[in-house]
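Heads up, the next two complexes both have chain A, just with different partners, chain B and then chain C.
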Partner chain A sequence: MSIKVNNPIGKKHRQETSSDRFQWIGKRVPRIDGPEKVTGELQYMTDRSYPNMVWGKVLRAKYPHARITNIDTTQAKVLPGVICVLTYRDIPGFNGFGIVTPDQPVLCEDVVRCTADAVALVAAETNEIAEEALNLIQVDYEPLEVVADAEYAMTEQAPQLHPDGNIHSHVKINNGDVNQAFEEADYIFENTYYSPRQMHAFIETEGGWGMLEEDGVLTIQCPGQYAYRDRLQISRALGLNPESIHVISSPNGGAFGGKDEITVQIYLALLALHSGGRPVKIHLSREESVQAGMKRHPFKVQVKTAAKKDGTIIANQVRAVADTGAYASLGPAVIALAVEHACGPYKIPHVDIEGFCVYTNNGIAGAFRGFGVNQVCVGIETHLDMTAEKIGMDPIEIRKINAYRQGETSSIGHVVKSSVGTHQTLDKAQNCDLWVNRASYKKQPSEPWKKRGVAVATSFHGVGMGIGTPDYGAASIELLPDGRLKVAVGCEEIGTGNGTVYAQVCAEMLHCDMSDITVVQGDTSETLDGGTVTASRSIYTGSKAIATVAPQMIQLLAETAAEILHTPAKNMEIENSTVIDKKDPSNSLTFIEIYDYLSKAKASTKVNGHFYLPKEKEEIKGSGGAPHHIYGYMTHVVMVEVDTLTGETDVLRVVSIPDCGRVMNLQGLEGQTEGGAIMGIGYTLYEDVAIEEGYHKTKNFADYIFPTIRETPEIETIPVEDPEPTNPFGAKGIGEVVMIPIIPAIMSAIYDATGARVRHLPATPERIFEAMKPMNKSAPISSR
Partner chain B sequence: MKNIRFHVNGKESNVQCPPAKTLLDVLREDLELIGSKECCGKGECGSCSVMIGDEVICSCLVLAGQIENETIITVEGVGLRENMDIVQEAFINEGATQCGYCTPGIIVAAKSFLNSIEHVPTTDEVKTALGGNLCRCTGYQKIIKAVQTAAKIQNPFYAVK
Partner chain C sequence: MKVSEMEMISPTSVHECLHALTDQQKSSRLIAGGTDAVVRMKDRNWMPDIWINIKGLKELRYIREDASGLHIGPLTTHTDIVKSELLQSKADVLTFAAKEVGATQMQNMGTLGGNLGTASPAGDTIPALYVLDAHIQLSSLHQIRSVPIKDFFIGPGKTVIKPDEMISDIVIRPQEKNEIGIFEKLGPRKAQSISIVNFTASLKIKAQTRQCIGGKLAFGSVAPTIIRAKKCESMLLLDPLDEHMIQNIAKVAWKEVAPISDIRASANYRKDMASALLERGLYRLMKRWENK
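Showing the complex of A and B:
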């Protein structure tokens, strides 16, 4: 039977870009979880407590690389108050985890490869007893040579950290003939760029609860970014059916990719099996989080770029080496994304790109907002600026000349079929106040010895998984007894506000008020498997999944009302949580009445829907998953002020110009552009986790400087809306690209201010000062 | 163990605990006021900020023995959902909270700051007042705006400096 519903999925709707026809979508709606967050009433999982709880602790490796010769837990086990002490011998299933390659032991048996490694677990009556028990575990080690440098790790002399060697993966993309192009070039720029080991520094450290319920279900409450995958990894280690494990992974006190991999879930599960049914809590101290948590991959990137006098870039050669630390985690995917994005959103005909994901003993690196693109975008963007300067061309013009449009072939050789907003973002940049009046702003430094610079950069980021990784979206909608609707989407709340957008979409589709919507996220007993909250995918995926399932709920409501009212279902319309017979508006039923009827008939009031994210058909051979089908685009304009006496640099103004397709919620979008800009400033100017010979020298926030409110510049967001045709509302993704072009933009603005180029990030005062030295040679020397 | 008497959010509290227990743990564990968060445990981040008297302090740096007879206000004392303070409403309306884990500490610091001024603060003044609170999500701009909005609503006759 056919039911006429006001369904926004449909060709004629896609062409509309104005959000006016929507009641909720595109509106500046405040977050639905705001009230419980600003009052402190929201219980994060690490806030919970239970009357008969016990505390769990993890014994980490003493050395970054060592052979374990013996583990003796006797003394720890007899300490009063200790509930259990577990080692590798107590793992019932597979002793390993890791999203791409499960090469990380849950508990080390014969070797430790970094100081993040776990060797034993303790549960005790108090946190203090658990801590004391860790001291009583005797582990005998034979220290081994530490591999502290990724390029050294690639040599034959280096100790092999894993059976297949230290190069975990090698990906490449070749297109055209770079050698020929370098011969034909008018200019060649060749430089090496180094990037920092950035820390996610989410405010809520890793932690959570494990508990064995009376019915035998193992419940793990632990902030995460993909409940179903966490459950799978837990089930493998425990040798259990995933169905017997219940994972709750939302809300998170920040994640940024750092809770994508297993953090403490498997430790919680193991301890819960040995605590006599008592709930076990682990909550890492900041110091343990710094030592054990994933970081961003530090890269060394060598870039050689060929340009013609007219500003066209004809070749780009890139070699990127990523230090993934002791375990792969998502390292191979990070390097694959780096290779895919290393030539920017441009149409360079000849490229030769390769990337290596390399094991060392430097902690562990994994997923982090931007996922490899942050590290590689600086090369091509800097070389575009160098070319522009050489030929006297405007930096925005040179980007326009080289940027591909929809339907054109990208540098990696695929025809880009989805929405491309680069040119619109560059137009907005060209016309923004900061760019138009940059000469005048630069003339107004706050002190005579300070210099100002303004620069622009553009970049892009894939949305969703590349080729070879399954990518499904899913959602369910349930009619509740009080007539409200519960929308459930797997993608967790990690701070972005995706749940507010889910409520907006559900209210829009079901013609009800947003206050009539309850949102559930990240819970294997409540939400379907709809993939990760990563890869800038949760708005695209969640909104499309809800739009996929909503017509089923409309059908359920209309058919049920029709049955009760003895009216054809096609006459039914939904308004304000009521189903109305449009031929006789007095003939109507509230959602509550419909629920009562279905409930009495013992019929389900829940509908489920899935879809598969659009993919490219052909993988670029050897690329590790390129290309993506959808990309988000972004241009940043920034102004910096450099203190020429100290090298200290402030970012004073940022103009963020994203193309994320249709803006679903402007306040949420600004939240991303502003937060991303600040995280990009931290990456470029301040942040780096210091590791020396495998040991973390950075311990806490006292020695890890990231931007405070004092470093916040004025940030303006000017969105470009280039609707993506494969999303019912035209949405793409935004979470990662917001921190990418700002990195090379700041680097070029420092150059614009001082004439000094810093190629080793973070651009600390020392590095900027050193880079400025040649410029100061002619300056008068102090008479002291 | 020591019996410690103090006032929290307008109520008298009696807690039996070791005098070296941090105020943060006393609030979270003994009084179940979980709004104040531990993030760094070293006074670097401001997530555990509470008011003692008029002063904003990191409750992870204060020991139970030091709070005898003191008057303490936590985020729950600034306002709950049924009686939200102007500054809390401003944070919601301006979009100044994201993951929300740092938010309670920032609300406390912002409230204390607003109590101490009689004008709409400049951006620099807000930056100084909240300089001890780290946030990793928002980029702070909407926090600045929210404090200024709250000041305007608090007293519509305030001068904009």
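Showing the complex of A and C:
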């Protein structure tokens, strides 16, 4: 995708601080793709159509666990209008995919392990004919015992779903001696927490286009989160040279991690090889997306925490079991991150943390904003509040006592060298209106039987990949004939507004107007491989990559101008898309003139650059990749109102206090903090995909409840800017942590309001009502 | 049967529509706002040979009053109901219910006739029609009959409408001067949600007092069809409706309902919520009464 920058900067300025030295960075800049998105001019890829197109469909497994004894496609193949019917026999290369462990068959051969499994593909003249053809494919199954529970899966009796057993990964971090600490503790809190199977619920379901071009190039247009890795996985399944595959993965109608793994790219590629050069479209219905798409891992987390009377937490023991469904995808990485973050941004001396990534027949779980931290932040934050209540300490104070500072040793035992903003975020929380005046807000419930509560929570989230996964960024800048600059970064635009920041950075570095920048993202023929748009990394990585390559462009411009003007290059300066001789300002050349000169000389007008993300040197043994070098920190303050008659809970106010290093674009940051807060509210109060015995009980958005505008509270953003030294602008990442501490904050606010603790999320009205029952003996509430 | 093989006709008068319904060669179904019909077609539950599109029949979209009561045309949308001053003053409870159907888009497209036609136990306007003693007028080419609302539904999704009939009018009694209503809905969220339980009340109250002199209470989504809470209704008359009295009635409410457990809520919670919504509803109703 390429987008022109039209209306570069908004009028609204906040009180500028450190960013004053920048012209573009840190300003409240409207999104460069805003007008196109608002007017609908920018189409979803899945809304496009082509003359001569054909429709593809996927036959999913009928059972959550069964042996396939026969697949007969004869009848489907002869149905008029059917172009091809494909099974595992038609896969030229390796029949599997998966980001780390490719254990998921492209098309199942002998066994199906969940109802997301694909068994056959059809291409036909119309969507309806394709659908009809699916019904004509005869698959004979022998149903097998369904593994519906992760802890059952870990037992000897459970059928083994994969050759290496059902425990796909087991990671641990141990520090100090928890048993000793439990003996020395003044208080011990021990609880079990259950988390929901949240759905990404992007507005654009999985889909895209496959086309075999006349020159033999296979073009896959499919919204994704890492075009180069998608290309690799496609090429592996097709046995094709990656160079002959062109993947376009941006723009994207929402992803949140749910399009990190292969969605339909390989199906599109296979069908495109059999459709006689006609473009093939697959677009999942919402129902198919619910059944086949990735979900967040549901966790069971047992937490035992030891505290002293002075408020210090001296030990934390965590056992987390994650249901990864039938295939690994990024499950092991999710579990590793959960273990890394399970003790919060604190310096607890004795910890014993372990996590299991376990196969079941419950669909497939994978990457999702927060990546394991959402599930584990709840235990430590709740136990901090319990300790504070026991000893009569302020909830913010107890967090300050326990939170590490830059240079201190974290709970997982590494010295944190990068920026740490926890204390600043807690200071801001302590001084925000909602916290300062919480007592008076709590006294004003909207109706007499309603109760209000205010609570705070803090958390953190690693930025970029941990140890063991290559992590690099890349960008290119090209001078165009009209004197504009095209900046190309691999990281897709998945809705976050990263492209706007790329334009800001390029304009800043090259001293031109943002409207002179064109941004290209997510296209293997246009952008270099610069890693994924995941792990809260695309602002940190993209901005640094552009800053790495920009000096080369400056050099190219200056040297070319020097050559033309016969002046030393060191005298050259760039201003307003013009190269000027400092010594003699009348001596200048526009970017257009420089382009003309270079193009006549047949010289390249494009520069490329890349860099490696900083990493910790030593991995914590057995942790699966911890620690990260950089973390983003975050505190939330929330106010809820609970209807004690029904258990209905409204989040009334949210104060979102991110430490994101330098704020690159305040408007973009607010987009993240607000969207993250709403997603966190959904996670805590509403959302869950129900699966029973391997079958989805939740079918579509009619029974998957997520917040609407009526559940959206007032959200205030108070950024803390603790600059990260390894980014040229001081930026860190923010995409995930913005939805994390709000989860325990809402849970604690419900407790603050009612005295009831809900440990099984989502905290639906029914669960809250049940938890309140013991509290309400004397209250004016009807009871049976 | 494929969706693309379905036919749709759009009659230009009620008479033409009834003619089309009389043709029993092919299966047919009316489509008004389509907010239920299209969803069920997509799920392949409603797959008639012919859709009879009545959205354009302006003669069935009206709200008016005459000696026999308030008349609402079946094609009246929920938005029409919410905005009607006549209904706000004489059938407040129906306007409150219509305001809770889905959200704005559904209220603009969805019709009262469609809400009745779908006959969901969770249909939000239906309890209001119970407490307002609605009569549903059914027309066929050769006959017009009037069915009291309590006889109209025979089970979830089932009504007494015959294949050649359509709803042609909905008649309700106007509320009296001293009558005031309330609609309470508990769904999994505030907008676009199906009722877990809903509760409707319309009470006559003696001027300047809290003494109820007659009232009707109905619950939705707690049984195969709407339930009138007769025990609670008789309790309404015993004492002035102060907080204590309201709680006493609420304590009985759960016994009047017969809910099931499903993915949205357990039967026990629904029972508790029958009590809770009655308590909350009557409390809110009396508060409005006092401020009147």
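Criterion: the second predicted complex is superposed on the first by the 760 of 784 C-alpha atoms of A that agree within 3 Å, B and C clash if a C-alpha of one lies under 4 Å from a C-alpha of the other, contacts with A are read in each partner's own complex, and residues count from 1 in each chain.
Note that in this section a contact is a pair of C-beta atoms (placed from the backbone, for glycine too) under 8 Å apart; a residue touches a chain by one contact, two chains touch by 3 or more.
Computed from a predicted model, the values in this text were never measured in an experiment.
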Partner chain(s) touched by A:T708 [first = chain B, second = chain C, both, neither]: both
Which superposed partner A:E766 touches (first chain B, second chain C, both, neither): second
Chain B or chain C, by number of chain A residues touched: B
Partner chain in contact with A:Y50 - chain B first, chain C second, else both or neither: neither
Which superposed partner A:T646 touches (first chain B, second chain C, both, neither): second
Chain B versus chain C as contact partner of A:Y152, first or second or both or neither: neither
Touching partner for A:R31 - first (chain B), second (chain C), both, neither: first
Set of chain A residues, in rising order, touched by both chain B and chain C: 702, 707-710
Complex interface listing, chain B residues touching chain A: 28-29, 32-37, 39-42, 44-45, 47, 74-76, 78-81, 84, 88-89, 91-93, 95, 97-104, 107, 126-128, 130-131, 133-144
Parts of chain C lying in touch with chain A, wherever the complex brings them together: 2-4, 39, 103, 186, 188-194, 243, 247, 250-251, 253-254, 263-266, 269, 271-273, 275-280, 283-284
Touching residues on chain A, where the partner in the complex is chain B: 30-31, 33-44, 47, 49, 200-205, 251-256, 285-286, 493-497, 667-668, 670-671, 673-679, 700-702, 706-710, 712, 714-715
Chain C-touching residues of chain A, taken from the complex the two chains share: 126, 128, 132, 447, 449, 643, 645-646, 648, 686, 690, 697-698, 702-703, 705, 707-711, 764-766, 769-770, 780-784
